[in-house]
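Here come two complexes built around chain A, the first alongside chain B, the second alongside chain C.
For the complex of A and B:
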């Protein structure tokens, strides 16, 4: 059954990516990348990687599409025609693709229990998660404790992206443009009844689902990253429906920046506190007299930090683009 | 808590966690002061680690307290100690001098974000250097790359934006290639820890994925390290970046990718893949030689000061790679020493450029005529660092050139051909450094442009300090030499 699904989804993926390359209308391309992300999420899901599927659906198909559209609103919809260079690019991609396919000839069969990936460190993770954390989701255990340092790094990648957008789009646009255009209030879709009604109904559930993923990460798929992205999508939807200013009234810019900084620092300071309490950096076991509770507490706090940072960063990036749109 | 034992982690964590704090330091000048203090502290930690390594320690650190192949390990050996000194030293030096130049180029209200990005770039580069885990290297590569894109785009020069877009595209391709390679190795060995990889890769029977992985990792990192002919992003990115950012990134950013490239090829692939040493040399040596010759030739005819120095950087990357492709103790020591010495020489030159740029808006050589009369100290540092770049005896550059020539002579009859190329490219370096000196000292000043005084004392003092270090390490090269020899021994031992 998985085989049939996989063939279906993967051939759709190929068709979508060819269409993305061929189209010259950037709006179409953005929509197609969104579809690509959804297909990818479905693919991850049938491979039993629910955590990754959630992230891909929320970030890839949701937030990225909105940000791409904001960028298109600032630039233009059509690609500039380019004649040279396309052929070389195609040849290069073809060579790389065949190399990678060649590399997979010797790959262990999908799901082979004897594959090195399943033989070496995976059994250790499965065994130690119950022993040290006492909760069922091994993925959460790996991401937030066994390889928590990587996750801290990823949070700082998100932080870097956020300050990068704020820094670069923070330049005031050339003055003459601003004089010519009256600043008009972005009203969103307030005059469209159907999106309004549906949106109002859906938004609370999106945010609630985000909170569920945040606090239920130890037991089911999810965690701070997914939760942050899902909550951000909910608020972005609100901004699209009610106008950006309404959303900013609800959650002002300073709060968003505070969430990014606070989230990143919260994660980092848990690590530093572990050091002060006699462990290594991010060694949560020392946080409490009972090492299992220590691990759980540490994971809970750092996941909260991740959620805050991701949600704040995505929203800050969105508002930075949207503000630019209103001015120029 | 025992601070010394935590040093490898603190080395990364302190600059990384200071980045969000920088954003909060809004009052004028405070972000700069904070960033400088953090960079100096990092440099002190790097020096402590280097002293430890010289005394025979190889500090290891297990993140989260999990044992090595399961959790993420950090390790510091002689090779990484050199890189740590370069990264933290370049950052601390550039930041100490940065205030006047950055105040001129970055608006005051954007400065906290600028220094936050600087801290992230430094933390990312340090994180790559101390990581003993292939995926962790990728994570920190992302942090450092994103932060350096921000830094390069930070100046008033709008041409920096297309330059940075090109860099971003190239950098992303490079990082993706690296990730594909790591993924393939993980598929075949089931581990991400580099030492564990080294042990397990020998048991892999189907070698094709590993071969493809070696190709992807080498090319990806070569892209990020600006190895000829994958260097096209360098000249514009260096030229249009804010001057202090050029100082920092030119001194260390590409070198860190080169470090990962050499480490991966020696420790993981060399010993396990049949004839990998031959392929490594056959693939990299021609690229290195072409890079040295062509980039030097481009520098000889380049009219813009920063672009000229950027071309010369590509040639110097060629030297480092050429030494590494000999696969001998002497060659590798030359390679590591040249990493260090080139950072000193190029860092000094770009600092002097920042001094000149404080008064000159246009840095084309024909605009800089007669600078020596008003800015004698700046021009003197240009001369000293320029001599070090060429490799004149008495400067740091001489030590690495000497090692390079000795290493080439070791490899038999071909060695003479290489020596000829090295001498030829040194003559080309004389030519392009002379063009700078000629412009500064012997050309008549252009009407209407030109400084009334020297550069600010803060900028000038650091520049002169770096010039003095170029001389100091020319006469007393023991410390870098000792670290380099030890690093070469470690790499070759891994390759056995």
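For the complex of A and C:
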């Protein structure tokens, strides 16, 4: 039964992706991308990846859509049709697609327990999680401890991308186009009753759920990345309802920047502290006399760092786009 | 049985088609925002392939329950890789969009051929 449902969802995924490419209205394309992300999240969930589904739903369907819409407001939503070169592209893509489908017959079939991916290191991770950390979620264990270096790198990539966006959009727009512009205040949806009432009801629960995923990440699906994204969507919803300035009053820019920098530093400094206490970089076992408790403590702290960095970065990016004056 | 075996590859076919749809948007569309949308579809297709590989028949999400013996878990490693990749994906996408916004301000258009003509 679940198999049929999976095939249904995957077919919808293909249809949505083709619709996204075919439409010439970019607003429609962005809305379809949001649906695409939700379908993707449902597929991830069917394929046993609960943590990934949570992230995709919060980031793909929530934050990405809002950032796309902010960019569309600055660039215009009509796409001009283009005639030349389409045929070549179609032929090239069709040939590549059939080659790739031909190649899939060499892959192990879906769910094959003897597939090479499942032989190498994954069983070791599953076996050792209870021994080293003594908590149930293997994904969190790998993310924050076994492969902590990777995660540290990813946090720094998010940090760097956020700084990049702030630099690119921090420069004021060309001066000659700004003359005679009336600066209008973004009032959000303050005069629309239904979004206002529903939004006000929902925001506290979104933030609460974000905090739950943050601190319950060792026991169920969740962790810093998901929590950061979910809390960011809650605050973005507030900004959409009340106008951007109100949201900046609640959480000012300096706090957001502090969260990005502080989160990345917190992660890095836990690694350095481990070195000072006689272990390797990011070897949390030395943080406490009891190695299991040391691991749990280290993971709790670095997950908090990840959550802060992701939440701060996504919100800074959103505000950078939302605050940009429209010069066209 | 033969049909079911063949459907075991269905996820990979969807991966191939969605990947190519994304690539088509990147190479054939002139609008820069459309190109970025295509790029994110391309990226999602790669995520789908990784997560497809993690599935083990009869397995559950890799969250260990105490007191239950002989559980089968799906592979947690691809999940970790993709989880972080999704968040990194949105930040790099935002970087691309920021550049598009600046291009629009300088050139007054985001159609690739018009930008090339203006240069």
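Throughout what follows, the second predicted complex is superposed on the first by the 322 of 328 C-alpha atoms of A that agree within 3 Å, B and C clash if a C-alpha of one lies under 4 Å from a C-alpha of the other, contacts with A are read in each partner's own complex, and residues count from 1 in each chain.
In the analysis below, a contact is a pair of C-beta atoms (placed from the backbone, for glycine too) under 8 Å apart; a residue touches a chain by one contact, two chains touch by 3 or more.
Keep in mind that this is a model prediction, so the values were computed, not measured.
When chain B and chain C are set side by side, the one touching more residues of chain A is C.
Looking at the shared chain after the overlay, A:129 reaches chain C, while chain B stays out of its contact range. In the superposition on chain A, A:118 makes contact with both chain B and chain C. Of the two partner chains, chain B is the only one that A:261 touches; chain C does not reach it.
Using the contact criterion defined above for the overlaid structures, shared-chain residue A:76 touches chain C, although it does not reach chain B. When both complexes are overlaid on chain A, the residue A:191 reaches neither chain B nor chain C. Overlaid on A, the two complexes show chain B and chain C touching the same residues of chain A, namely 100, 104-105, 107, 115, 117-118, 121-122, 125, 147, 150, 154, 157, 161, 164, 168, 171. Against chain B, the residues of chain A that register as touching in their complex are 99-100, 102-108, 115-122, 124-125, 128, 145-150, 152-154, 156-157, 159-161, 163-164, 166-168, 170-171, 257, 260-261, 264-265, 268-269, 271-272, 275-276, 278-285. The touching residues of chain C, when paired with chain A in their complex, are 5, 7-25, 27-31, 33-34, 37-38, 40-41, 44, 47-48, 51-66, 72-95, 97-102, 104-106, 108, 110-111, 113.
Per the touch definition, chain B reaches chain A in the complex via residues 1, 6, 9, 13, 16-17, 19-21, 23-24, 61-66, 69-72, 109-110, 113-114, 116-117, 120, 123, 127, 135-136, 139-140, 142-143, 146-147, 149-150, 153-154, 180, 184, 186-191, 200, 204, 206-209, 211-213, 215. The part of chain A that touches chain C in the complex is made up of residues 3, 6-7, 10-11, 13-14, 17-18, 20-21, 26, 29-30, 33, 36-37, 40, 43-44, 47-52, 55-56, 59-60, 63-64, 67-68, 71-72, 74-76, 79-80, 82, 85-86, 89-90, 92-94, 96-97, 100-101, 104-105, 107, 109-113, 115, 117-118, 121-122, 125-126, 129-130, 136-139, 142-143, 147, 150-151, 154, 157-158, 161-162, 164-165, 168-169, 171, 173-174, 177, 219-221, 223, 225-226, 228-229, 310, 313-314, 317, 320-321, 324, 327-328.
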